[in-house]
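Paired with subunit B in one complex and with subunit C in the other, subunit A is shared by the two complexes that follow.
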Partner chain A sequence: MAASIAPECNEIKERYDTCFLKWYSEKYLRGNTTSNECEELFTKYKKCLNKVLKERGIDTMLEDARKSSSETDSEFLRKS
Partner chain B sequence: MKVFSSTCDFDYSWEEVSTANWRKYCPWNDKATHVVGVDTLSRTIDPSTGILRTERLITCNQSAPQWVVTLLGGSTTSHVYEVSYVDPVSKKVTMCSNNLTWSNVLNVRETVTYQPSSSATTQFTQEAKITALCGGWQKIKNKVEEASVERFKENAIIGREGFETVLEMSRRVFGEQRDLEKQKL
Partner chain C sequence: MKFFENKFTYDYSFPAVSLAYFLRYPNPYSRHVLTTDVIDRYVDPNTRRLHTIRLHLKKSKVPSGILKLLPKGMGGSDNSGQSYILETTIVDPTEGWMETESRNMEWTEKQHYQRILTEDSTQALDGLSIDQKSEQTTVRTTVTFRSRLGQGKFLSRKKAGFDNADAEEEEPKRGFFSSLSTAGIQRTIELIGVKRTRDAVLKSKQGMNVVLERLRNGGIVGVLEGMREDREAAFGTEGPWKRVWLQGNGHAIEDDDK
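On to the complex of A and B.
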């Protein structure tokens, strides 16, 4: 799996990514879209990552980018 | 604005492609060494449609031409914000990305889709809209846009080769895992 921009988050990121990929291929693609067994790992990973994003000022860049994602949301979050 | 688009087919099922897509930038992909970080920012499932929405931050260390580096302030690390949607019912992956770095000079919006073209093959489409925003001469804007489109073209070929390697490795590893599980039973 690819690395995190924050080396200190790599270990927890790796664990989360592995969990997600297993869930995605074995459950999600087979129709079980409700479970969220990787949530705990994700919360820990996000906590580590968000600290670094803030330190490097990336969080403010993301805020701006998120504003434009409502366009794609309305297009691709619909039932097709 | 300039538009770049391309399309191709992969000889793998949509399930395989959409799974391998999550590790497109892993160490198996020796063609994407410019990608130094892929971080997941959020992930949600829409309860009514089952669509999986993921936000990621992709960090690159791009080797840009010197004049571009100078123009853009001397830094070669760039960030891309990507929102992707997986629709498990209609079997479609859509990934929309936007550059975060240098966004005041250049706007790059890319949309990638993966859809089954048969039960064993998957169609990939890519469209990038590139707009130079720097004030001043149209000539310079055109030059910046043209250089960016050229770069996209080159990278599209390299990107495909790299992803082929990831697909091949994924199939092998999943196969080995299945064999191992069978042996345990």
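On to the complex of A and C.
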């Protein structure tokens, strides 16, 4: 699995990624789109990751990027 | 400005291709990708589409010689040779398509993956259907050049910080660059960009094919096993070589202190 930008989150990320792959291939792609068994792992992973993103100032950068992204989202979706 | 467009067909089903997209790092063609994190992910309750936002950290693909000439920020996030890529993905499992957008300061790459329905394939997706060799998935890729020397919104905050901090030592470089027209610099970067983009798109396709091949031969377990080997090849294992490297590095630091 790809490594996390925060080495201390690698373990929980790997557990979440594994859960997601199973859910995506066995549930989501088969039409069961409402189940959310990976939610708890994702919350833990995000908690670990967000701490590091904040420490390195990446969180504000992401916020800016996502804001400017949402401005163009409608255009993006219309084209497709 | 759009400067690259490409269409390609994978001989794999849409479920397999979409899964391979999420699983594509690391692969033998992605040595420059250092880390991948999921920033946000949810299923829209109305459309049932899966939305994912990921952050990749990559080594800059701009050659170091050119990197040194560019104003800070142009080669990536800074002149450290690393850059962040923000990737947004939307999957529609009912209609069988996936939209992706990857961007950094300079480029935005958009891809549209579309399931091709064949006569004998059923309308509903059935899991990965990795054995259905008759199924195909097309992908349309477009890359646009987005940076206008400091007007790029992504990373602009960080870049501004660098400019202020290094204002004095950057003086000679600025003089040099102000003698060039903005259009000239942009043109140069675009020329580097066209070739590099073509290479990058080709490599990413090769990487996807490796992952898809592993998926077909060994399922998800096969992909994960392949990844482990790729990661060891790229970053080393905990074996003797790593210890040698660490000790060697330690000696170098001691020497610097003397």
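What we mean here is this: the second predicted complex is superposed on the first by the 70 of 80 C-alpha atoms of A that agree within 3 Å, B and C clash if a C-alpha of one lies under 4 Å from a C-alpha of the other, contacts with A are read in each partner's own complex, and residues count from 1 in each chain.
Rule of thumb we're sticking to: contacts are C-beta pairs under 8 Å (C-beta built on N, C-alpha and C of every residue); 3 or more make two chains touch, one makes a residue touch a chain.
Fair warning: this is a prediction, and the values are worked out from it, not measured in the lab.
*Asks:* Answer with first, second, both or neither: which of subunit B and subunit C does A:Gly57 touch in the superposed model?
*Replies:* Only subunit C; A:Gly57 stays clear of subunit B.
*Asks:* With the two structures laid over each other on chain A, which partner does A:Met1 touch: subunit B (first), subunit C (second), both, or neither?
*Replies:* Both partners, subunit B and subunit C.
*Asks:* With both complexes overlaid on chain A, does A:Leu21 touch subunit B (first), subunit C (second), both or neither?
*Replies:* both
*Asks:* Quick check on the output: what are the common subunit A residues between the subunit B footprint and the subunit C footprint?
*Replies:* 1-6, 9, 13, 16-17, 20-21, 24-25, 28-29, 31, 33-34, 36, 42, 45, 49, 58, 61-62, 64-66, 68-69, 76-77, 80
*Asks:* Touching subunit B in the complex: which residues of subunit A?
*Replies:* My answer: residues 1-6, 9, 13, 16-17, 20-21, 24-25, 28-29, 31, 33-34, 36, 42, 45-46, 49, 53, 58, 61-62, 64-66, 68-69, 72-73, 76-80.
*Asks:* What residues of subunit C sit close enough to touch subunit A in their complex?
*Replies:* It comes out as residues 15, 18-19, 22-23, 25-26, 33-39, 41, 43, 45, 48, 50, 53, 55, 57, 84, 86, 88, 93, 97, 99, 101, 103, 110, 112, 124-128, 153-158, 220, 224, 227, 231, 235.
*Asks:* What residues on subunit A touch subunit C, complex-wise?
*Replies:* By the definition above, subunit A touches subunit C via 1-6, 9, 13, 16-17, 20-22, 24-26, 28-31, 33-34, 36, 42, 45, 49, 57-58, 60-62, 64-66, 68-69, 76-77, 80.
*Asks:* Which residues of subunit B touch subunit A in the complex?
*Replies:* Against subunit A, subunit B makes touches at 15, 18-19, 22-23, 25-27, 35-43, 45-46, 48-53, 55, 57, 59, 79, 81, 83, 85-90, 92, 94, 96, 98, 100-101, 103, 174.
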